[in-house]
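Structures are listed in the sections that come next.
The following pair of complexes shares a single chain, chain A, combined with chain B in the former and chain C in the latter.
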Partner chain A sequence: MTTTEQPALRTSEQICGMGHNRRRIEDDRFIQGAGNYLDDVKLPNMLHMAILRSPVAHARIVSIDTSEAQALDGVVAVVTGELMAQHNLAWMPTLSGDTQAVLATDKVRYQGQEVAAVIATDPYIARDALSLIFVDYDDLPAVVNPQQGLAGDAPLIRDEKEEQTDNVAYRWETGDAHATERAFAEAATVVELDTFYPRSHPCPLEPCGAVADVNPATGKATIYLTSQAPHAHRTLFALVAGLPEQNIRIISPDLGGGFGNKVPIYPGYVVATAASLLIGKPVKWIESRSENLISTGFARDYYMKGALALDAEGHITAMRAELLSDQGAFFADAQPTRFRAGLFHICTGSYDFPAAHVKATGVFTNKAPGGVAYRCSFRVTEASYLIERLVENAANQIGVDPAEFRRRNFIKAHQFPYRSATGFLYDSGDYHGAMDKALEMVDYEHWRAEQAKGPREDGKLIGIGLASFTEVVGAGNSREYDIAGLKMIDSAELRVHPTGKAILKLGVKSQGQGHETTFAQIVAEELGIPASDVIVMEGDTDNTPYGLGTYASRSTPVAGAATAVISRQLRDKAAKLAAHLLEASEDDLEWEPGKFSVKGAPDRSVTIQDIAFAAYTNFPEGMQAGLEGVHYYDPPNMTYPFGTYVVVVAVDPETGVWEVLKMVAVDDCGVRINPMVVEGQITGGLTEGFAMSNMQWITFDGDGNCIGSNFTDYLVPTAWETPRFDLGQTVTPSPHHPIGAKGVGESATVGSPAAFVNAVLDALKPYGVRNIDMPVLPHRVWEAVQGAPAPA
Partner chain B sequence: MYPAPFDYVAPTSLEEAVEELAQRGDDARVLAGGQSLIPMMKLRLAVPAALVDINRVPGLDSIQEANGHLAIGALVRNNDIVDSDIVERTNHTVAAAAPWISDPIVRNRGTLCGSVAHCDPEGDWNSVMLAVGAEVVARSATGERVIPIADFIADFFTNTLQPGEMVTEVRIPKYTGRAGGTYIKLERKVGDYATAAVATHLQLEDDGRIAQAGIAMTSVAPINRKATEAEQMLVGQTPSAELFGEAAQAAANAADPETNVRGPAEYKRDLIRVYTRRGLAKALEIAQGS
Partner chain C sequence: MKIRHEFSVDRHPDSVWEFFQDIPNVASCMPGAELTEEHGEGKYSGKVSVKLGAMTATFEGQCTIDPDHGTRVCQIEGKGVDRRGGSRGQVAVEYSVDDHTDAAGGSHVTVDADVKLSGAAAQFGRAGLIQEMSSRLIDEFVQCLEAKLEATTAEEAAQIQAREVKGFSLFFASLWSTIRRWFGRSGNRRQT
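So, the complex of A and B:
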């Protein structure tokens, strides 16, 4: 079921259903500075918390002296791991079944780890007091990469775990090792690539924080939290802290970005809550930028050895990948329980071949925990990067144009639904169509001709890079996907008021994705209630139905589907009410958005607003009053958005500086609810993909000191260095999603880094350069060129 | 981002300002644009006992032509320099460097004089000042003195101001005759410090030979460094690609970069070579057109 155009609009501008470029309604308050972010939350008698962090990467704690800090005027309490341990809260479970120190008791295991906390009457005093806490550390050697961690003489980082005798966090494999080996043995060509996807950080504009307000009289804990998954966090708080779940209310206010950084539970949340419980007053904790960068969920840090087997005709016959993952000191990835390397096994990408094998090893190091974050769809970023780099190298190795090589190996449109070598069931796609469109938009032939002329007058070399990604987003189904045991469903509750206005309550939580705008459009599409009459509520666990939250591009695939389904269920009830009002049989009614009329008698009609009023004032006997309902959606499958990105660069071989001359991104995310919002998501994602390929990384020195703890060292691109992106689309609806939509939030970060890197390497082909790891900083280009023979 | 406690005074005259500095000595820091000082205080890397905020002192916020030089006051913001017709007309190196100072937000507040006084070897302005031969005017409660820029820069983050002295003005020589210059900088992104950068300045004789040459480098030594040997190779010579190539190599030899997140030392040294060559070519092109 392939189309190449967005379906025609079914609703008027006034109703503003799907397909309308409705302006983001949440932006009115944001651009006026009237949002309500975590740091805007101010409660009476609120105290302020600051966290003392380890200055070293690995050390035994000999002693902690808090007496001077305690004595400082304005300090209410100083909390250490010892105090937390008295309440059984010195350690907490992670989302991947490990445990993590809340406040260190025995050792510190990474620079920036939480050691103690000060609660004071104002934030300045809290920070002044930090310098009055004296910790005696006995330094231990630091492990700063997984190769070191696996070495025989490596210090044991997790010596508190009884069963742990080495630094291995997990070993995991999937696919058919035997079939893959056989294919490699029979291959005409083997293409290999060793590459490193460096550690980066999601770096949301707003760092993480909490305002915990435990009412001593009622025991009710209201916790304002920078949370992408407030319901899951409520349950985990109940399990961790032993608080009764009905007494926990998580409120996730406006979030200034998340990108996966606000999925884990951080020690600061737990300490602030414990402090409020013990002191009986609200406690606010909010990180500084540096604290966010050094201690919260990072992304990637993934060493990948990949290979493709090709037959004599240049068809891929198999892929293998061996992965080494730097997990940091705790295995704290937020990812589906049964998949230890996230959904990396989507690494067969857009290509049709029968065998694949993936082997992953996760290693503890003396670095902050994390790995799954930053618009990555559970490590699909790493997977997509590896296959798209391999495919480009394969084309070069056998002397075939990279576009032609892809065309030869793509899964064909008629093969969908397609079962991949690692077991995914791709729902729909037309990879040839998306690539053809991208090549046309970029004028591929023109740039290849320009490139063939050799260096430009200014000495710069032209390079053209492609990436044709396929993503897997929208977890679950509940059979395969859970996080910490919680099945990955999501829900929507729709209440249509008597006057025909409505409130939609969701278990997901926008961090900038525009849910308030777009989810109202789904209701408008299905019920004909103008989108402007529908308010969308998220993030308050006392007032929204349960859900797993927003990450991994799952809101539209899951909560969007729930919204469509509940809207349709209410429309079914509305039909019965309409029949009652029109004194006609339900079978004789016709629906158009916002109105039922009697077939053949269009003047006999009732609007959805009339029907809503009747639901509370004039409903037939035997029918329940009201026009409200809730639906829990368990997706039958994931959705598989895809696209082709093409980048044209000019590289100055003398300085290594590269600039993007043109970038075309053709995305197919199925039916677009709001094309403008989709394009905004893609533009942001491309910017982040460009950042990773061009400038972003967090490194560590040999002692485990973090280089990248502020915006001088950790680079976030501005509009100045970000290239212009030309966006295009094809539309291949998801056959199993109620409105044919797929997720899109992460496509561009997943797909684009390989396109940028492939472009630079393509420019350096005369020098025979086959790999430069990201970020492709000018000095790395320069080094690659220096080491290479001069081009002929 | 909460700084440690500090005193704050905001004098309304230059006399009052230098009097405050005289009384408070080394414990006080002058606040003009604050674009380096305030972040350092927020990170508690700088913990001054007092700030003497000179933003209410009149007469320090203008760019003036006087006695063959440009006088840039202590409260002239970097964006004032970007927008200045006088600068554009009279000194190409300064005009070329101004848009490369950090980012627009920092340029709105940050000052040239503050950057010069800060003596951060990764700062851009002192390379420009060295290349064009600027002078620094320092004022204290007891008087005023004029310090050549090369004597003003003492070391890494260290100037030769005496306790109680503050920078009130920087004097930049105006071009005469056929002159040109530029500033070429590699930064990883807007607002980043230079990976490496080179300021160049050429003054030509009537017969086309080089009368004066200025070359100075950013981020490749403990201080902004003048490439003296390269300058001397140029003076009195007729410009040519070979000559510029040799001078560029001499400049690269004078660089003493460090390996860090912005790249290895060898790379930065080679960047100095390329940028010096390109910078001299650009300076010559401007000079020959003027």
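So, the complex of A and C:
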């Protein structure tokens, strides 16, 4: 199955199937300011909602006085937890089977938690009225990290849960503890690493919001939602609020980024919907930048203790990992039900060894719920970071070049499909090929030689960092994968109109990935209808087939497969129609994109457009009219994109500042539907990976104040800070995916942080520095160098 | 955030202590502060306004002053809420007036403040500006007290008021102070 080149183009520029660098058609409206985002939705008689949030991290609510707010001119209603409780909506289930407060009733559990909401005729009046709500808080001590949460004297955060006696959210383990222990006992070398993957925020440029429009006459609820998973959200709304599902229509308009932030159901959505239901008018809620940054969708916050066992020849024989996860006040990870620590157990990465054991403990703290998979397939980012940092340390510890160490331990191309120590079945890969290409592109030997010369004239140290990640995406098969009981299938509905134009309707939802462009290319590839003749529709649950949505890089692996399969099914019907039109046997027909012809008589042919017309006007007796269908795809396995990233840095040991001299990223995501869009995804992902490793930092002070509520504290890199990335590719198709594609949206964010950190640590090797936690800020580099023995 | 200040005055401790019991006079030394009501038994209502760049916070609240005349140690507990910005502030101050060990008849004043902010005002962290601002407010307060104590007549003392610490002057002063700290020239203030 292994190839190293993108398959040759099968379609003309005009048809523009797979492999063409088709320009993103959605950008036409975005760059003209003609996108339709949530805040653009304006309905007649629409009211506006603002949310009062807790200023403290942990406190009992003594009283809430809303009388002054209610008296303000323009205020229609003030909603508190007490009112929500009367409708049994003060609490809601999370995607991980926990419960979460919609509006606080008993106490607040993190700074920024929703306490009350004002609905007014004007958004400014709604905000002004917040300052007229008087809440009397009785402060409680705050727990700001999982270590504190586990301490014997820690205050119980979830005291409302009857059986909860401590702050443990979950304990989970997987792998073979016994075999792993034995391998460690027999190891020639044990390599250890304690590291922390800090809390980070997906930070889409558009924050979250909702416009809820419950029609009092019909009972129909139309809810505009910043949702990456509109169908899943509809079903959950139905289950939670007890609304009949046929009366709920979720419309997810253009989304200004998501990155996982728009997967959870937030209290604001629920309150806006309840308010619209009670008042009988549409209610809009959209959060501010600070609200988005302090209260929604945090990711990571993982304390990781990892170890590798090596034999005398430098082969890895086992890995163990012990995790401590800061879940925040509610366990709200959006992840497959079976796996409490997401897919962290992919942590054996790209390496071939027989034993691994993972133990994870999730802890409640007085922070906003964390665990959102920020551009990440359910904790694979943390997993990839740990193994790639460990491998680098292992190579250094036994004195082997890190590239050579990887080469020695990689799963080999002939071993695929490969069963990993924690049970994943890797579909395909050529790790040696991807690394060799990256090393060649970066000129590895040259930089090692430069490094060997010692500090440069300006005193800066050269460091070279590698990361050879393997991702696991495309959740997932229905045997193993569900979220809150909903199986992770996805769908595509394709309707070819009589004139041969088509509409493709999907259950997934683009947040900037370019679905309108690339999914049309799959149809073009399979049916020969020009991509420009195919409209792609997503996000409206009344008008698209059911699906679990876009996150975890699953759109191409699941909905992309569904699109290919339904296109092929329509092509099969088209063949029958062509046989009818050409008065030939189906077996005597030949297909080339866009056209059936009779074998040996190429001028006897019909185009797909002719066939589409015939499907409605001239179909054979006994055949159902029309050329349309829907396919639900249940993937047989996950897909496993991979790659090698190499970063060269110059570190100034005097100031701790580091700069990227060169960065090469070789990605293998299987067959590329649109290489330009793939490169755009990789460039964006690398930028986010660079940001996490270099500058992004959300902290909490001892009282649980979130330091990072704004863009002076939470830094988003611009073109000025972002280094240049040189991109390369190898192509190893997925053997089980209809078009061999694997999904790519998250690879670069998953793989790159370890490469940047490894590069800085490689530069500091003369000082014996083994770990600096992200973000690798100058002061941390400087501190790590201080006190270290001066290099020889 | 804990801030400590110490200073000495060439006046007898009893006289300094007596000065401190004149609450309105002392309050006039706190930049942006205003006493709005006296409730008796050491309880007062008031507000403190602070402006930092685009952000204005007006903390309205109460404080309780509990002097121990025997030991010349006073505890002040205050807490306030800035409703518009959704911030809350709490401050606990302990000051003591002791005999000066070096100068006979002089006094040594120690002020320990513990400032706790929560909500929006506490969320600006990276540059440490909020910490710097709190510290500057206490700085200004103490300098004003020193000046009042050094005044020779009551009239002169009454005329000494807190200098305005707000707007961009504070912003730049804070920034300057931060920069100075980076280069290691710290003053006599200690922060923990």
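In the analysis below, the second predicted complex is superposed on the first by the 792 of 792 C-alpha atoms of A that agree within 3 Å, B and C clash if a C-alpha of one lies under 4 Å from a C-alpha of the other, contacts with A are read in each partner's own complex, and residues count from 1 in each chain.
In this section, contacts are C-beta pairs under 8 Å (C-beta built on N, C-alpha and C of every residue); 3 or more make two chains touch, one makes a residue touch a chain.
In this text the structure is predicted, and so the values were computed from the model without any measurement.
Undergrad: May I ask you to decide whether A:E628 touches chain B, chain C, both, or neither, giving the answer as first, second, both or neither?
TA: A:E628 sits against neither chain B nor chain C.
Undergrad: Once the structures are superposed on A, label A:T699 by its partner contacts, choosing first (chain B), second (chain C), both or neither.
TA: both
Undergrad: Please indicate which partner A:R53 is in contact with in the superposed arrangement: first for chain B, second for chain C, both, or neither.
TA: So A:R53 only meets chain C here.
Undergrad: Applying the document's definition of touch, where does A:E160 land relative to chain B and chain C: first, second, both, or neither?
TA: A:E160 contacts neither chain B nor chain C.
Undergrad: Should A:T712 be classified as contacting the first partner (chain B), the second (chain C), both, or neither?
TA: It touches chain B and chain C both.
Undergrad: State whether A:E181 touches chain B only (first), chain C only (second), both chains, or neither.
TA: A:E181: touches no partner chain.
Undergrad: I'd like to know which partner A:Q111 touches here: chain B for first, chain C for second, both or neither.
TA: second
Undergrad: Per the contact definition in the header, classify A:I294: touching chain B only (first), chain C only (second), both, or neither.
TA: Only chain C is touched by A:I294; chain B is not.
Undergrad: For chain A, give the residues common to its interface with chain B and its interface with chain C.
TA: The answer is residues 290, 699, 707-708, 710, 712-713 of chain A.
Undergrad: Mind pulling up the chain B residues that touch chain A in the complex?
TA: Against chain A, the touching part of chain B is residues 1-2, 4-5, 43, 103, 186, 188-193, 195, 261-264, 267-268, 270-271, 274-275.
Undergrad: Any idea which chain C residues touch chain A in the complex?
TA: Spelled out, the residues of chain C in touch with chain A are 83-84, 86-88, 116-120, 122-127.
Undergrad: Using the touch definition up top, name the residues of chain A that touch chain B in the complex.
TA: So the residues of chain A touching chain B come out as 123-124, 127-128, 288-290, 654-657, 695, 699, 707-708, 710-713, 715-718, 720-721, 777-779, 782-783.
Undergrad: Could you pull out which chain A residues touch chain C in their complex?
TA: 52-53, 55-57, 111, 130-132, 290, 294, 697, 699, 701, 703-710, 712-713
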